[in-house]
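Below is one structure, written out as structure tokens; comments come after it.
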């Protein structure tokens, strides 16, 4: 019983991490249909933003509070710049978007390496996040994992709110469902695409700060997550925030479940998880929650 | 006369919207038929079902003397069995020559290995040239087909269909975007083709349909509203009501 | 109407001539057979480059002609390398072990020899038993067959699953990328049976050829690579030139249309995917003995994307474009990262190419995609057409 | 109000419209007629900016219109109800209406009661998804949505197509109301002859992409118009 609970909590926290890493992609790839291979580097930029803030502001609590919006601003700007300069010209050539953004990803990674060096930079969490919530001898969960879970929940709510309850969300959905008609209604699709892309990228920045708190901040931080993030979105079903949640949950629980049977080896668990997903896509090529629309790629 | 294609009781719906509703349709082995109807009457969906692109929720589609069930076959197998389809917009392989387009369509073995080791025979060359003659592209054989005019692309596509030697030709809006002279040529091509095989033409342009001079089927809301000669259907009060306008 | 294959494909003739001259030139400048203008290590670099050109041709066939942007072909390349690497490492270690036991008082049993080899090879990952996948490592013939069979079978199974369910476009790309990631993660494990992240090493030492100096071996491998590239190019040119090429390009441009012509699109895709995986495997088997070492990092998804980028830069849908792209980018890379490129001193900052090359490369992908979607090959076509027009 | 001169349009190489001269005035219904495939929809696309004309001039209230993007034209007061209606299927009826707010200043962003008075069914269905509505309801939604932005030019493409008779009558009454209100010029593309003839003040009949007959209702007999569009 305790063991199952422990495993469940582990899986839940892994799912939250996958969700955080993928949620920005759920917007740029899921909603807009743009393949952004540099998404991982946006996560990395967010993490480094947190690191830089900590160099300037020694108080860890305060620095995190500053870092979160700042990371959003930095990656939002990067995303908007990338959309305007590159992606805008490639909306009808998705495979080429993949290559161009890969180029940006390579360049950003190397730039980060040149600035911050190859060794891992610490992003220290505030002291109040250090301990663990101990339920009993077997079951305990560190506060930082709880924080990440809470952050994932906040993002989920926030995005659902933005997409379903705000003017921006309305226009985003209109442009996604029928860009031509949206334009005929006076909505500027270019502007909406730019803002949507910025939003997705900005969220990656915040996710970066969160991931940086428990993972080592290196220039390769982002590339460790990119493939899994794409799979999370694809498995969940493109074009839908709930789909990404479903995808992250499935992948998180699956991986922990496989690890349970072969605890010594997380690499093997990841391998089997990916193989499972490849087979899963045979049966549900459109993901768990399938939607129709521009993003569904017909 | 037994039917070449027999569609009976077919229904299909997309997201709750019934695109085809208990549709039945028959056509003989050498017959020209026009299908008309307002937008959304299910004309294109009907073609999708016959060619295997869409699977209906219920009903049956039987083919040929042996009454094969087309619903159990893949698109490629249906095409091999003798159903050819021309799309609304001309879809030819634009970066390949007219010759290559026709050669690809020529009735021959279709498996990857057979095609890989395929050697062009004199007979095949002759067939391609004859087809090009028929569609009026004999002197354009080695041009890249992307450079052809809109009407020429339409003919090339018809030529590719004829090259497949299908027993049933499904033609979606062949006259769209054509000049008057091009329309006349197209009518001739289709009437000629229908002497040896079944041809179903979906068209909007009533003048064009009148010139085809064949039996007309009117579709409305996914089922057959009327069937008969052009004069018969154009006087049908229901057809006037939903389609021709009052 | 009928002309010979070569006459129909003048670029093939030009390619053969260029490759022949290049091979001759390198041979005459090598340490072993010529003037020693270029070092043995550079001969190896050139030989490896030829292998990369070969895998780029495979990529061009599957992507440029058939429209499948596979992000898994470098995994097939790596698998080919692993298959040959197993024999190289086993046979080489066996020689060393046998030599070291030759002076023992009691002649070693076969089991003892095997154990000693196992210890040598797997000591680094804390094991000594041979995993099942090494069952044929002592047989060069079988391992050579596996160079073809393992990538081929993997491509066949994966392709069958993917094409059957009609996964296309970017989804297929992501799926192939997932396959690559799964494979590299698997190989990273210490108990994968292939020495985890240590990979296989010492591959430049060819068993039974100890007497031949590396300078000579490097030339033999260079020749073999050139021959493989030539054959690969001819094969690819033949495949894309005829009716098969028409169908495949048709699939790239309008898959549904080809299906309605009666061709089973899935069968063709599977054929091309598997064929190119096999070519990639062979290229890898020639590459790694020249590189000397293979490890799972080589297979990481990023390598396969680089491969796609080479083809894009060279110009996809043209076989010579793939060759130009792979050769240009990989040679420039080794020049810039090898420290030969002069640093640029800006006064306040010195641009050291070892650090900045990737940045330059990354942004040049972007520029090529935006402004030259047909790559260097497209530029060639443009110049040729301009010449014709005059 | 609306004036085009020698307007032409191409689709990837093939010419669809040949030198169209047409005009439409506020408080009038200008009816564009012709059989299928003569370019009526293409004309509306050119006027709404969803497909740019290839030549000729286009003026609105005396202002020359270059080739602005569709959203900019919408903000100048051109509302478009396309054939097939193009409802946003996954958005509610209310949200569909609200997309039109993009043309309005912030303080005017509300759905006027008038819309619900014209189309009571939209009030009933306010929370339903657009894709779940019947064809007739979708058509009413599409017209209502176009009115949100208080346009000066309303383009209607086949508003009766595939719609049941009682809703057609209702749509007819709405068009009459809007005409008599006099705030906008209405361009109606329609196949249903009686419906179109009943509402029209001016006629433009197209044949193969060119105007073959034009004139006011007074200057043409019903038989003349009918003969020009019949098969």
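Side notes on the structure shown:
A, B, C and D label the chains in the order they appear, each numbered from 1.
Definition applied: contacts are C-beta pairs under 8 Å (C-beta built on N, C-alpha and C of every residue); 3 or more make two chains touch, one makes a residue touch a chain.
For reference, the UniProt names are B = Ribose import ATP-binding protein RbsA; C = Leucine/isoleucine/valine transporter permease subunit.
All figures in this text were calculated on a predicted structure; none of them were measured in a lab.
Any chain bridging chain B and chain C, meaning touching each of them, is missing here; the list is empty.
By number of C-beta pairs in contact, A-D leads over the other of B-D and A-D.
Chain A has its Cα centroid nearest to the centroid of all protein Cα atoms in the structure. Separating the centre of chain A from that of chain C, both taken as means of CA atoms, is a distance of 32 Å.
Distance between chain centres (mean CA atoms), chain C to chain D: 59 Å.
Centre-to-centre separation of chain A and chain D, using mean CA positions: 43 Å. Chain contact topology: the protein chains form a single closed ring, every chain touching exactly two others.
Chain pairs that touch one another are A-C, A-D, B-C, B-D.
Residues 167, 170-171, 173-174, 177-178, 180-190, 291, 293 of chain A are the ones touching chain D in the complex.
The residues of chain D lying in touch with chain A in their complex are 48-50, 69-72, 74-75, 79-80, 82, 86, 88-91, 95, 98-103, 145, 149.
Within the complex, the chain D residues that touch chain B are 11, 13-14, 16, 35-37, 83-84, 131-132, 161-162, 191-195, 208, 231.
Residues 1-2, 239, 242-244, 246-247, 249-250, 253-254, 256-257, 259-265, 267-268, 271 of chain C are the ones that touch chain B when the two sit in their complex.
Chain B contributes residues 15-16, 38-40, 149-150, 175-177, 180, 204-207, 210, 221, 234, 242, 244-246 to its touches with chain D in the complex.
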